[in-house]
Structure formats: C-alpha cells, structure tokens
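What follows is chain A paired twice: with chain B in the first complex and chain C in the second.
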Partner chain A sequence: MNDMRHVERTVRVDTTKITARDVQVFYGDTHAIRNVSVDIPDKTVTAFIGPSGCGKSTFLRCLNRMNDTISVARVEGRIEIDGEDIYDRRVDPVQLRAKVGMVFQKPNPFPKSIYDNVAYGPRIHGLARDRADLDGIVEKALRRAALWAEVKDRLSAAGTGLSGGQQQRLCIARAVATSPEVLLMDEPCSALDPIATDQVENLIHELRENYSVVIVTHSMSQASRVSQKTAYFHLGELVEYGETGQIFTNPQDERTENYITGRIG
Partner chain B sequence: MTDATAPGAVPSGAGQGSLLARDTRTAKRNAAEGRFKIYGLVAVCIGIAALIVLLTSILTSGLSAFRQTTIDMQVTLDEERLDPSGARDYDEMARVTTFGYAPLLRDGLQATIAAAGIEADLDPGDAMDLISDESIAQLRNRVLDNPDLVGQTIDLTVLASGRIDGFYKGRVSYASAELDSNVSPEQLRLAEALEERGALRTGLDWRFLTAPDASDTRPEAAGLGVAILGSAYMMLIVLVLALPIGVAASIYLEEFAPQNRWTDLIEVNISNLAAVPSIVFGILGLAIFINFAGLPQSAPIVGGLVLTLMTLPTIIIATRAALKAVPPSIRDAALGLGASKMQSVFHHVLPLAMPGILTGTIIGLAQALGETAPLLLIGMVAFVREYPDTPLDGGFFDPATALPVQVFNWTQRSDPAFVERASGAIIVLLAFLLLMNLTAVFLRRRFERRW
Partner chain C sequence: MQVSFILLSLAAIGALAFVTARHRAIASVGGDARRLHSLPIYYGLNGSIMALVPALALLVAWMLVQPLFLDGAIRSDLSDSVLPEGSAMGLVVSDVRRVAEGLESGPLAQSFIAGDFADATPEEVGRMLVRGGTALGAPLTRPVLDAAMEYRTTSRTLRWIMGIAVLAVAVIGAAVAIHRSEGSYRARNVVETGMLGLLMVSASIAILTTLGIVMSMLFETANFFSQYPFTRFFFNTTWQPSFSGRGGASELGILPLLWGTLYISLIALIVAVPIGLFSAIYLSEYAGRAFRSVAKPTIEILAGIPTIVYGLFALITVGPLLRDAIASPLGLGNSASSVMTAGLVMGIMLIPFVSSLSDDIINAVPQAMRDGSLGLGATKSETIRMVIVPAALPGIVGAVLLAASRAIGETMIVVLGAGAAARLDLNPFEAMTTVTVKIVSQLTGDTDFNSPETLVAFALGLTLFVITLGLNVLALFIVRKYREQYE
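Right, the complex of A and B next:
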C-alpha cells in the first residue's frame, strides 16, 4: 500500500460542487445513513469506499434523488448542488437527473440500437435541433466514452449485443450525452474483467476534466488509482473523508485503517 | 455452508469412502428421482390420451356437419300460383306462403323421379318428405328477392331432410326407419335410387358456417352464421374495451400507485375477481346493463360488456406480471438519464412487456370466446334467425347468439341430428381458439425477436 505514489498526486480543489449536511436516510425503520456531511469538489474524482451494506451506494443515490423511486426510503438533511438544495420542494427530480448523470453497477443498456441508447437522453431533453446535431452529440459522447472506434460502423446494432465492458462504456456515453455536471458511478467496474476495468478507469480519468465524478467502489486499489478524494463509510456513517493519498497512507480513524489493511470488510 | 461446517455435524459416510461404490443415501435419492420422473410421465400420458379421446370423439361425430345431402331438380315457378295478379308486386307476392310453394317442389321432385325412370310406390306427398321444409322457405325467399324468376323453370339444389341426410351419414338405417315415424324404408329406397341416377348427392357444404339457426324439426338447415357473427362482435367489444382499460389499470397499479392499504385492497380484489364464477358476472350484467341501463337483451353489446368485466382481471394480472418481469435496471437507466416516470414506462418498460401483455390479452379473449354461463343470463340463448347488422349500422345492439351458447342450445334438442351439429360447432369453436392461441405465440415470437 505504500508504493502507490499517492503523494505525488496533487489535488486542485477549485470549487465545491456538492455539499451535504447531516444527511439521514431511512429505509422504513432501518436507519441506513447517519449524519453524513461532506463537500464534494468540482472537476475531481471522489471515491466512496467501505464494506458491503455500509450505505455508500445509498448515499450516492441521494445525490440524484434516485432514492425517490423507493417508496419506503426517506431522506433528511440538506444536499446542495451549486448552492441549491436538491430536496427543495420546487426541484423536479427529473430535471435534477439531467444535471446529475448516473452509471450503474451492472451495465444496463436499453434493448435498442447503440445510437438510440446514446441519443435517448438528448432526445427527451430536446438537446438536439436536428438529426445532424443529434448525430454530432452521439459521436461526441461515444468518443468521450472511448467507444467510437469500436462501434462507429454498427451504430444501428443492438446495444445489448456488445461485450460487458463495451456495454458499460455505452452506458457512460449515454450518461455523458446529456451533458451532466456531475457523474455518479455505482461500482461501474464490478461486472467487468480487468481489461475492461482498465479502459473504464482511464475513461474516468478523462471525464474528470469536465465533470465532478463520484464513484462508489469495492476495490480499494481502484479507489486509489482513480480518485483524488476518498470517503470511507462504515455502518451508515461517514468515518473519514480526505485526500486519497492521505486516506490510504495515513488514515486517522482506526476503522479506516482496519479496512484498508484488510482486517475488516 | 453453515450447517456443513458446524462442528460435529459431519455425518459419517457423506463424502467419504469409495466413489465407485454408491452409498445407500445416493441410491435412495436416485430411486426417488426415478419414481418422480415416472409419475410425471404417467401424468403427461394420461393427459395426452384424454385429449386424443376427446378430439377423436368430437371429430368423428362433428365433421359430418360440414357435409350435406342435397337433391338437384328443376322447378317451374308457376305464375298462377305465385303471382296471380301478374304485377310482380312484393306485398302481393308475399301473401303466398310456403304452402303455395310446396306443390311446385313436389311437382319438380316428381318430374325428376319420372325423368330418372324410377318406379316409386310412394305417393307424391311422402316423396316430398325427402326434401327439407327449409328448402321451401328458401325457394320462397329467393323468388321474393327476384320476382323476375316467376314463370321460369329454374335448376334448384335443395336440402334433403334430416333423416335422409342422416341415412348418408350413418345415423339412419333401414332397420331404424321401420320404427321411425319420420321416415320409411320406401323413402330411403327412393333416395338410393335418386343417388344412383345422380340426382341426390352428399358433399362438402359451407352453409353450416353461414346459415342461421333452424327450428327443432329442421336440423339439416341449422347453421352457425349468427353465432359466429355474434361471437366476433363480442370479441371485438372485449378487445376494444378490455385491452386499454386493463393495460392502463395495470400500468397505474404497477408503476405509479403508492403502496398503501387501498392499493393492497384493490390488488387482492382483482385477484379474487379472476376467480369469481362467470355466471355471477352474468347476473351482474343482467342487473346493470339490461335492467338498469336498459340495453337490449340478447345483444352482443351486453355480452361484450359482461365478457369485458370477466376478462379484465385476467388481462390485468397478466399485464402486471409482464411489467414486473421487466428488469428494474431498465427503469433505473431511464430515470437516471432524467426521463420522467411516464417516459420510462412508455419508452422502455411497456415495449419490453408487450409480448406478455399480448399473450395475456389473447388468453383472456380465448377464455371469453368459450364462455357460456353469463351469456345465458343475458338472453343470448334465444333462437335468433336474423343476422345482426354490420357494427356501423348498430349491429352490436341487434339480437345474436354466440358459439358456445349455440352448442349448449343444440345439445338440448331432441333430434339426434343435432348431436352432429353441436359437435360441428365445437370443432368451429376449437378452431377459433387454436387460431387465437397461435396468434399469441406468433406475436410473442415476433416481439421478442426484435433484440
């Protein structure tokens, strides 16, 4: 763990993109998230790590209000994006999700063509003026997801016919196509082989230039490879949050240390 | 894992000893599996055997309904009898009843017998019994529709009476004719003589599918025309009403409705409704649609509404199952992109659920097509000889019958010829059901193959 060259990675925190204060999440009677407060910077990759069931995915899903779709879930506290409370009554979650894109654990392309998969977001949000415009958006998104070279000749083929890694990059392209400001990734590589994982990680690196990326991962090495900031969750609490290098080399909390050294989790 | 690793719980023998020798436990398990397979096989064989017996019995007694014995003859349409005034006026001509037409056919038959050189020791009235009474009415209708025929001599193919028809289908024999007041051996002999000369024959006849029902004494003329139309109209109504209502209700309940006591109650009730005996729906239809809303009795509209009520739970349950089967990840993907709930349902969930919805709908329709009990209560068991109008002319409100009710009706009649008619109607019903199920299979394949 010491040879991972975290130290040479400098973090340029310009602005805070997401601010969470005292966030509580309840699933029915279960208190899934307790008092989480965190500041997520812009143009940075922030990793959420922690043992299974610690609430990192739940917290991630709070950031674009995907928890709204679960009827028993209840969120308290305050989450702001660019200073606006996203749980304000005037906020339409549909509009929020156009701004905060999400990539899921399992690649979930629509059973439509590759083109339609990527074009779906721009279409429903009216981002393209005409067909040529839409073609441009699709190409740009696929290029960003490093998938263009592989699929440019078969855009009308089924998205579900791609390999697992390609499918996940297609999902990233689909999320990127709506030009979000924040990209949430829920264990995006857990269903992928090492080569595909490497491709997706490289992609995350590049995405950082334009987006604030929040990634939940089970793999500590992945967190240390791709992120600048790391938050360690344990049993619904945010135990420690800091620069990735510091978390992995010099954790302040005993629970973090136990986790990253493999004693729990 | 947990009980296998529990201390002291490792049974001696499991996983120990030679792999070449089968231990008693394994042998027992294999025997149990073998026995289970045999039970299953026996069950399947019993099912197939029952099906084969059923189909054979229906086909053997019903296929002959599609064949009909007819007699060819020439009939002179005597103006003196049919239109004494000579004005070809419809009302004037309509005064001549079938009694006026019977002698024409009788003379025509006698002429045919004479021309064939048959020496019949039957008086003309008894010979006339070879011809179905229905044919006289048919001739009258034909003349009234074309008054110009009066005065001409026309070639006519008339239906043989039920007993003669039965003679050629194996129902009637010389021995049975001795005891039968409706037919005599002499008449059978005459029929055979006519057949030898080519004037009488038995062949394929689609009038069974097109003709309306006929009275108890004329089984040879009874057909399914009105029943098929009535059933088709009702299926149309059920499809148009039950599919949109059922799909909309399912989508709401499955995707939008909050989970609370009310929706739970509704869900339980929908499941219960699917199990309500169909005759109860008939009583409901009688009370609401006929007695309260004042819709006409025996009309396809009432039958269609009742069957819609009966089919809705089936469609809702099937549709909800189909919607549930769509992986949640698709919904998440759409919602995560900023699609609204409705967009995620209509763009992604519904197309994926379509095969299941269509299958459920067609199964519901097939169920409705075969339903008899509720239709009895709303008067569709009536004797209807008039074809309903086209739907555009208000045909949904005209009296009609339905296929299963027609079967029920015919099986209650005394003449043995109606057994053949009823079996024939069952064949038609089964053919329609088979067609609908094939459509369901085809649609499912078609929609699933898209990706």
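Right, the complex of A and C next:
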C-alpha cells in the first residue's frame, strides 16, 4: 500500500444514482446479504471491498438483477436506480441490464470477431440506424476502452485471440457500447498482470466522466487508487461506507481497520 | 496334452509364484515391509507376470504356427499321384484334417484307440465317420486315411511338446522372479511396464482388427472388379442382378442404391436434427433439474430400442398411415413401404444421438458466456441463438455427422420401411432401397460365392465404409478446428 494516491476524493456530483434499503439475499437457506442499505452517487467510482465470501459480488449482482438467473437466489428489500424500484414487477430485467452494464472477473469475450463482440449489445437493442452508425458506435466504444489503436486494423479477428488485458478492455468496450448509465465491475483486474491492470484502472478513471462505476476488488491498493467512495463488507453485512480517503486513513469500525491494516483477510 | 489342462497348470504356477515371490521379498528384509523398495503386492504381481506372460505368449504363438506346419507336412506326404481326379490339393488337405479330427474326438475315438479298425477298409471308416457327424468332401481313400493317421500322431506329439515347453517357460520365469525378489529390487517399476504392455496390446488389437476388416474388404472388392468393370459399377443407373438360372448379364450399378441411401438419410436428418437440437437446448438451458433428470434418460431410452423394433413400427404403423393419409389421397403412390416411412422412423431413432451429444456440448459452453450476454441485456433465447449455439456449433456439427453415419449404415428400418426395390426416383412415397439392404440380399441365399452378383456386396460395403469414414474424419476435423475457440 505504498501507492496511496488518494486522487480526487471530492465527489463532484451530489445526485444519488442507486439507493439500496434493507436488502437481503438468500441462496436457498443461506442468508448471503443482511440488511444492506447504501446510497451510490452518480459519476463516481464506488469500491466494494471485503474478504472472500463476504457478499460484495452478490450485492453487485443485485444491482442489475443478474441474481435472477440463479434459480435458488432470492432478493428482498428495495433497490432504486434514479428513484425507480428495479425489482418492481413492471421493470423488465432485460431492459435494466442494458442500462446497468457489467464486466466480469474473467475476461469473457464471445467466440466472435472483435467487431461483433462490441456490436453485440447495440444490435440486440437496435441502437444503430444503419451499418455506418453501427461502425461509429463500435469505434467510439473501442476508443473509450482505450483499445481502438491496438485493434483498428483487425476488427474481424477473433476476440478470443487477444491478450488477457486486451480481452478485458474488449469486454469493457462491449459493455459501454450499449451506453449504460451504471457500470458494474466484478474484480475486473484479478486475472490481469500489473500493466494490463494499470490500463484498466486508467480506463475506470475516464469512465467516471460519464458513468456511475461500482467495482468489486480484492486489492485494497486498487480500491484506494480508483475509487472515491468505499464500502467494506463483512459476512454479508455492510460494515462501513464512506469517502475512500476516510475509510483507508481513519476507519470507524474495528473490523474495517483490521482488514485494511492486513490483520485479517 | 489338453489346452485347458495347460491353462489350469499355468494359473497354478502363477498363483504359486505370486505367493512365493511376495513371501521371499518380505523375508529378505526381516519381515519389515517398510524397508522394501515396493509394496509387497508388487513383488507378488511381478512373480505372476514373469511366470505367465512369456508362457502365454509361447502358447499363442505355438497354436498359430502348428496348423500351418501340419498342413505343410500333409502336402509333402501326399504326392500328386494320390489325388483323386479333378480335386484340388486344398480340398484333400482339409479332408485329411477333418478325418483326423473325427478319429481324435468324434464318437469313434474310443473304438479307434482300442484298435477296432485295424482291418476295416477306408470306405467303412468313412461311412462310420459320416455317421459320427464328420463331413467329407470325397469318399475316403487309403492314402487320405493314412495321412490322417499320420497327422493325428504328429499333432498329438506336438501338443505334448508344446505343453512341456510352455510349462517349462512358466516355471523358469517364476524361478527368476522369485530369485530376484529382494528388498532392493524395483518390482513396482516392472509391474508398471507390464501395465503399459497390457494397455498397448489392447489398443493394437482394436487397430489391427480394423485393418483386418479393411484388408478383407479390399481383397474381395479387387476380386469383384476383376470380374465386373469399374465404370459400370459406379456409373450405371440400373441395379438388376441376375441370379443363376435366370440367365443374362447382371446390371450392378451402385447409383440407385446410393441415391436411396442418401435420400432416406437426408429425410432422417431433417427430422432428427431440429427436434434433437431443440430438445437439447430446452433440456440444458430451460428445463428445471427435476424435469431434466426424468426427461434426459427417457429420451436416451430411444437409443436403446433395437432397430428391428423401429422397423416393425415403420412396417405396421407409420407406413400404412402415410399411405392412407398422404400418399393415396394425393395420388403419389399406394405403397406402404416408402422412403418417407423409413426416413421418418430413422429420424426418430436418431433424435437421442443428436440431443444427447448436443446437450453435453451446450453444457460445456462456459457459464461466463451466458453471463456476458445476459449482462448486456440479451434475453435467454437471444443468448442461445447468438452466443451459445455458435460457440457449440463445431460440436453440434460433429453430432450431426455422427448421426448421419448411423443413418447411412442402418439396415433393418429400411428393409421393413422402404422395401427392397432399387429405384432412382424423386417421389418420397415410392419404395426404394439402400446399399446396406442390398449387401444383405446379395450375400444371403443359395448363390455361388465367386460370382460378381455375390462379390458386389464387398464393393458396396467398401463404398459405404469409405463414405462413413469420410464423414467421421470430417466430423473430427471440424470439431478439432473450432474446439478451443472459447477458452
């Protein structure tokens, strides 16, 4: 934790993007998330940290209803995005996921060309008027993911042929191509080397301009580098939530302090 | 010496070698098994292997070589002068062998050994042998009987020598192994080599059998093409074999049969591929655990039904139904056996092949692919159509080609469903037939084995083999080429 660049701690926009109240998640008989309430601001990077199995990924997957795809999972409580309850019966989870993009732990490009990977979301949601429009969307997404320069000459090559770091940036490009409002990242750098990690972290900084980014990470130095807000989860509970600088320098809860100073976890 | 007696003795020697070698190894380290190089059981196994493997190898080799040697001996004994007029040497030799076997083990064996036949004429012995169940090619003559007696004596002597040699080899092997069984001997490594040898022998038996099948087909096919022109077989559009008695030359063109095979297989695949694939998708992506655990075995039961039962279903149910419901009203024919009948029923038979293989392949697509697609806001069916099926496509193609191989090789359903009339026709409600059915009909019945009408079966079989081999190679190639796309 030598690299404590606590950059841009101040939250520029005060509007709240996601509001969670008393969220409970059950996997069958297991109570995975207990009473989590949190307000995630817009145009901010929020980091979820905590030991393995503490429920941070589970909570992340509640935010775009990916837990719906697991038949034994059950979510209670209230989660709102822009004041709208996403677990309301009128909300189509498929539409929701277009608005709340997700990047996974392991790069998972489809076995298609680079172009088709990025164009996947826009095609499904009919975002492009014609081919030229789609080309534009793909280029913009790849540029935003800082991948354009590397792949612009081989857009028809297989996405699976890229290096690990490139694949993860391709997945980020794929997620931003549908112009989501929130981007969820589940340990996006855990399968990457330090150089690729650095590239993805720089990317997260830039994405903050347009999106509300929520990132789950095991690396506390990463959380301190990229995020403005940090939430510490422990055994399914949200222990502490606040400004990243404050969590890392002056934690209020003993459990948070133990984790951050390396005494546990 | 009886072979069964030799095998029993070998088993006893092997067991004894096991016990002794193990015991000696333990004794050599003063009863402390931890000081042995290998576990005690390896010393025992080493003893058994050393005793049995060389002995069994000798036994097998001997039994392969002995008949060849004896045949050679008979041939040199029987000079050409004793040959009955117009008969070939090979026939006489096999007569000698049969007579010898009849004397050795037939019902006459006891009285023969007692010397009852010393004065009997060859004709009388021959009659008695025939009564005892021995088939003879020609009336028994004195030289043949003499040769048979000679054959019998030599063969008995050789058997005895073989038994003694085999048992001696076993005992020597066991002694060597037991002598070596001491604490520092690496028995475990020897047993490891023995395992490797066993596996290699098994693998080579499978390969050699395939080679043997191909070779026998090749020889008979070459024989056929020496009697029937190559071009007429492949390019003639009529199939009209003429059997002895009917007279006239045969027309043996493969095209109508090939057409029937491909037509029926095509219909079968049109039925089986969509149904099989869709049921696989339903089972792997949508069905709940409980339903899946019932439905998957149920579908797989279809694969366990013997094809003759499918054939009966085609003959009794599907054929008449199609004729009465579709073919007759539309004026497309009034035959209960039709390409459509066989194709439909064969398609039903193939459903479990396609669905079971595709199900495994779809399940092998990583969950990360599904998450990735769903996370972008795709629906389940969009995910399946645009990500999962493309990712699983090589495997699905492989499954379809395997099903096609089965369809091409199928016989019973065709006989009962589509009839046996060779015809080049587009109407799917006409009776047609396939290559496999004709192979059966050419080889069964009372026919001269050396005529083109019979030998054509081998040419048909080889053609079929080449086609299915080609399909299998194509399937393997496709699966290999695209296999690791998602990793």
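Definition applied: the second predicted complex is superposed on the first by the 258 of 265 C-alpha atoms of A that agree within 3 Å, B and C clash if a C-alpha of one lies under 4 Å from a C-alpha of the other, contacts with A are read in each partner's own complex, and residues count from 1 in each chain.
Please note the rule applied: contacts are C-beta pairs under 8 Å (C-beta built on N, C-alpha and C of every residue); 3 or more make two chains touch, one makes a residue touch a chain.
Worth saying up front: this structure is predicted, and the values here are computed from it rather than measured.
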Next item on the list: Based on the superposed arrangement around chain A, label chain B with chain C as either clash or fit.
Entry: clash
Margin query: Output check: A:171 vs chain B and chain C. Expected answer is one of first, second, both, neither. What do you get?
Written below: both
Check: Of the partners chain B and chain C, which touch A:120 in the superposed model: first, second, both, neither?
Finding: both
Margin query: Contact-wise, after the overlay, does A:106 reach chain B, chain C, both or neither (first, second, both, neither)?
Written below: both
Margin query: Output check: A:98 vs chain B and chain C. Expected answer is one of first, second, both, neither. What do you get?
Written below: both
Next item on the list: Examine A:128 and indicate which partner it touches, taking first as chain B and second as chain C; both and neither are also allowed.
Entry: neither
Check: When you line up both complexes on chain A, which piece of chain B, out of 111-119, 129-137, 147-155 or 183-191, runs into chain C?
Finding: 129-137
Item checked: On chain A, the residue positions that both chain B and chain C contact, one per complex -> 64, 66, 69, 71, 94-99, 101-102, 104, 106, 108-112, 120-121, 124-125, 158, 160, 171, 174-175, 178
Checklist line | Interface residues, chain A side, partner chain B - complex | finding: 64, 66, 69, 71, 94-99, 101-104, 106, 108-112, 120-121, 124-125, 158, 160-161, 171, 174-175, 178
Check: Quick one: in the complex, what on chain A touches chain C?
Finding: 64, 66, 69, 71, 94-99, 101-102, 104, 106, 108-112, 120-121, 124-125, 158, 160, 171, 174-175, 178
Note to self: Help me check something: in the complex, which residues belonging to chain C touch chain A?
What the structure shows: 288, 366, 368-379, 382, 386-387, 390-391, 485-487
Check: For chain B, which residues are in contact with chain A within the complex?
Finding: 258-259, 327, 329-340, 343, 347-348, 352, 450-451
